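Next come two complexes built around chain A: one with chain B, the other with chain C.
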Partner chain A sequence: MTGILEVQGVSIAFGGLKAVQDFRLSLREGGLQGLIGPNGAGKTTVFNLLTGVYRPDSGTVSLGGHNLIGLKPHQIARAGMARTFQNIRLFADLTVLDNIRIASHARTWTSTLASVLRTPGAIAAESAITEHAMELLDVLGLADRAQETARNLPYGDQRRLEIARALALDPEVLLLDEPAAGMNPQEKIALRGLIRTVRERFSLSVLLIEHDMGLVMDLCEQITVLDHGTVIADGSPESVQGNPRVIEAYLGAPSAEVSA
Partner chain B sequence: MARESGLKARAAALAPEPMTVLKQSVLPLVAAFVIPLIFHFGIGPSVGAYPSKVLLDIGINVVLAVSLNLVNGFTGQFSIGHAGFMAVGGYTAGLVTYYGGYRIWGDSLPHGGFLGAGEMLFLVATIAAALSAAAFGYLVGLPSLRLRGDYLALVTLGFGEIVRVMIQQTSDIATDATEIAATSWPSLLWKVGGALGFTGLPFYTSLFWVWLWVSLTVLVASRLKTSTHGRAFLSIREDEIAAEAMGIPTTTIKVRAFVMSAAFAGVAGSLFAHEVGTTLNPGELGFQKSFEVVIMVVLGGMGSVSGCVLAAIVVTVLPELLRSVDEYRMVAYALTLILMMILRPQGLFGLREIWEIWPFKALFRSEAK
Partner chain C sequence: MTKLLQTLMDGVSVGSLYALIALGYTMVYGILKFINFAHSDIFMLGAWVSFTLATLMGWTSDAPWIAGPAVICGSMLICGTIGFVIERLAYRPLRAAPRINVLITAIGVSLFLENVGQLEYVFGTRPQRMPSLLPDTVLASVAGVSIRLVDVLVIGIAFSLMGALEYLVFSTKLGRAMRAVSHDLKTASLMGIDVDRVISITFIIGSSLAAAAGFLTAAKYPSINQPAHSNWILFGLKAFVAAVVGGIGNVRGAMAGGLMIGLVEMFGAAFFSPNLRDVYVFTLLIVVLLIKPDGLLGRATVEKV
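Up next, the complex of A and B:
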């Protein structure tokens, strides 16, 4: 059985640094999979490869059976892959509402001319975009902040706004890059529920990068572990947790000593 | 492939009430035609010749500032060659009204009264100006896909200079009706007066035409800003990588911004070319003019339509009031620019419109919902 997102043999080098080597992944439709590894392992680089920010030196990436290699990031986004950024990248000077509405541009059918003429069709499209955005803000608990400037939001809200914005693309696959970073324990618990909720509600498949092991082990059905750009383990949370190579990668000690 | 978003079905259920369409769509358009009539038949005759001339200059500068704002403010690219597009438009329109006038009437004088045959030719000329400037906007927009910041600024600066130098190389204007009638259009294209300027154009530029184009430019820019297409422009200025990740085709949108911006600069060029008391020559439309427009945008707010309108008014009127110190104008511009960059790089109003700012907010609340 093939997954919604299939990645085979993807590699990229920056100068002499082999940042990602022979990466593989199969994300089941509706699945919630984790991507973990020590700092600098290449996790964010994998997201950049999947979303077209970097073009892999080799390998294949397909979404729902369609090849993504060679597509521009906006084409990949339109094809159904949405992401959030580890270092928050909101449209900082715009309102919370506009941050979300921008993502609907990809799904808009009205022309620039129609927008400028304010045809009834364009007015209806704008209303639809706004309604859709407000619903998403509601789901993410940000509805009362709709008119605030994004840069003025507290950190945790900014992270949730990034998720809301990604959802506005109506994606099939959602890539979350350390969504819990900088959150306090309560916010993390809420985030855990939120990820589950949105997966159900929007029938998403989720790939999650996260350093908080409690969160990853609890949420994910399947985990891929990266170290120095290569996949060192792949499987259920239990199998990965017990894998000596994973323990070694995290503790930096030979597996023999750890198990001893 | 991509999932059905349901936006279309939603929109079908949200068809606007006739009153909404009237208010949002029709009334502003009606206003765009009524305002120029008020300027032309009401304000103009009552204030007299000199203030009317200042109102023409203000209008042309508003068109320039609001259009440059599409690139520099909305999209966050830094263009400093706006006068180049203005020149392309001005010369294109001049060719149409001057040689076109000769071909039709045997001279280059204005023909017909208000909205008469001559002014219709002027309308055609202005549209041709917009189209030719837009074509150049496309050419200059293309390198902007690869260049950022200072490099893009240099390309646009270079473009403005190339246009200026090319125009200087052109040959004398033809002034003999029989000769003009016997010359083919392609060879007339080059007869636009060189460094001396394209003189003898009919004076069609009136308060009506200037403020009609002002209304249309402002209408386009402000409607764009509050629509999904305008938000795509803004997303690029905010964060290009995030914009791409959100499905915005940043390269297409950047070129579109350049093309739209250049088109309106071309319109301003046509208005400038047919105004009493201006000369369409390469010196007038050089770097200094581009710089003046940049000042307006930086002052008014990168992204604020109303801020740019206000700044265009101030930058046009102040030198008129301070005629005695005119030689220091460039110094004043440079100082303003430096101070703004240090103290308030986003401009006085930033992205906001005037009615979104505190003391005015209450005044406009009912309209701005």
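Up next, the complex of A and C:
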């Protein structure tokens, strides 16, 4: 069985540093998979490799059977891969609504000239985009903030706006980079529900980087563990939790070896 | 009173030329965060291409009414293409390089354009006289101020182009993409925006606005200096000052800054000393930078630690 997102043997080195080595992953259609590992393990590098920010030195990445290697980031985004960022990277000077509409443009094909000249087709497309954007804001509970400038939103809302913006690309795969970072327990519970809701509603497959183990273990069906750029375990949450290599990566080697 | 109005008219007229050029500096800075030193040469090319087109068409005297519109459009088209080619060949390969490399490349492009322009078979090294494509008529006299057609056209065309740009940047899909790329190029590409295309369009627009300014300058001051003359650079430099005064990277700021520079220069020249006109401009720059280092409409950048 092949998944919607298939990654095989992906490696990248920066100078002498082998940041990610022989990474593999298979994300099932409609699946919710976790990507965990200690700080500096290479998780965000994996996201950058998947979205075309970095081009891997070797390996294959395919989305729905289409090869993604060599495509530019905007082409990969249009092919159906959307992401959020560990450090929020909204278009801070733009309104909440415009942040979403920017991403929606990738899905529409009105020409630049048509939009400048305000042809009826372009106006119709534009109002469809706005409608779709408002719908997304509604789902994410941001509808009443549509006209606010993104930088003025509270932190939790900015995190949700990032998810809304990613959804505006109408993706098949959603990559979430530490969506719970900086959230309080109540917000984390709400986020958990939100991730489930959007996955159902937009029939997405989700790959999640997260440090909050409670959240990961509860949400994900499959977990891949990364340490020093290599996959040290993958499988169900239970099997990963009991894996001695994973425990070692997080907690260090058993005390007998430490004393040496 | 007459002198006041006349100076106001001159100031707005020159200021709108500065504003047109400043827009190119500010748009490129806004997106690529570097100062395109070759921009003042595009302005020079705008004037020289206009002259060449007019001469080639034989519109040296008694030009038909179509001559003016045809020449300005032709010049904008040609210079827009040149701007596109410069970005494609000189700047794009350096996209990932440190800013200083691109900056030095821009100086190189600037020298290249000036020197190619001086070649005998291009524009040559002699100054020329721009044929008057627009009738030099005085439209009206208000309170002793003669309102010349040239000034009205300069102001009218400059303001229409600025209005069109304002519309483009703030009310269209392309403008939204430009603002997104300007804010964060990498994130914009991850949101499906074809960044290379947006940058190309930015260069085309900026260069054609500079070309329009070149045409209008030649229409207002018909003696065209040779391509490498320092007056071109000085004019471009003042437009750059306008962009900085308004807040570099800010489209509305560039328009406001241009008008302000034009007014300060003309009022200084008329009421104090015409010899110090450049001094007023650069004094204004220093004062603005002391009071508001990000420019009049610039946003204060807060460094997060």
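One rule holds in what follows: the second predicted complex is superposed on the first by the 253 of 260 C-alpha atoms of A that agree within 3 Å, B and C clash if a C-alpha of one lies under 4 Å from a C-alpha of the other, contacts with A are read in each partner's own complex, and residues count from 1 in each chain.
By definition in this document, a contact is a pair of C-beta atoms (placed from the backbone, for glycine too) under 8 Å apart; a residue touches a chain by one contact, two chains touch by 3 or more.
Since the model is a prediction, treat every value here as computed from it, not as a measurement.
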**OP:** Label the relationship between chain B and chain C on chain A in the superposed model as either fit or clash.
**Re:** clash
Original post:
Is A:132 contacted by the first partner chain B, the second partner chain C, both or neither?
Top reply: first
**OP:** Of the two partners chain B and chain C, indicate the one touching more residues belonging to chain A.
**Re:** B
**OP:** Using the touch definition from the top, say if A:116 reaches chain B (first), chain C (second), both or neither.
**Re:** both
Original post:
After lining up the shared chain so the two structures overlap, which partner does A:77 touch, if you call chain B first and chain C second: first, second, both or neither?
Top reply: both
**OP:** May I ask you to decide whether A:64 touches chain B, chain C, both, or neither, giving the answer as first, second, both or neither?
**Re:** first
**OP:** Determine where on chain A the residues touched by chain B overlap those touched by chain C, and list them.
**Re:** 51, 53, 72-74, 77-78, 83, 85, 89, 91-94, 98, 101-103, 105-107, 110, 112, 115-116, 122, 126, 165, 169
**OP:** Quick one: which bits of chain A touch chain C in the complex? Just the residue numbers, please.
**Re:** 51, 53, 72-74, 77-78, 83, 85, 89, 91-94, 98, 101-103, 105-107, 110, 112, 115-116, 122, 126, 165, 169
Subject >> chain A contact footprint on chain B (complex, rising order) >> reply: 1-8, 10-12, 14-16, 20-21, 24-25, 28, 219-220, 223-224, 227-232, 234-235, 238-239, 241-250, 256, 346, 350-351
Original post:
Any idea which chain C residues touch chain A in the complex?
Top reply: 168, 172-174, 176-177, 179-180, 183-184, 186-195, 201, 299
Original post:
Which bits of chain A are touching chain B when the two form their complex?
Top reply: 51, 53, 64, 66, 72-74, 77-80, 82-83, 85, 89-94, 98, 101-110, 112, 115-129, 131-132, 165-166, 168-172
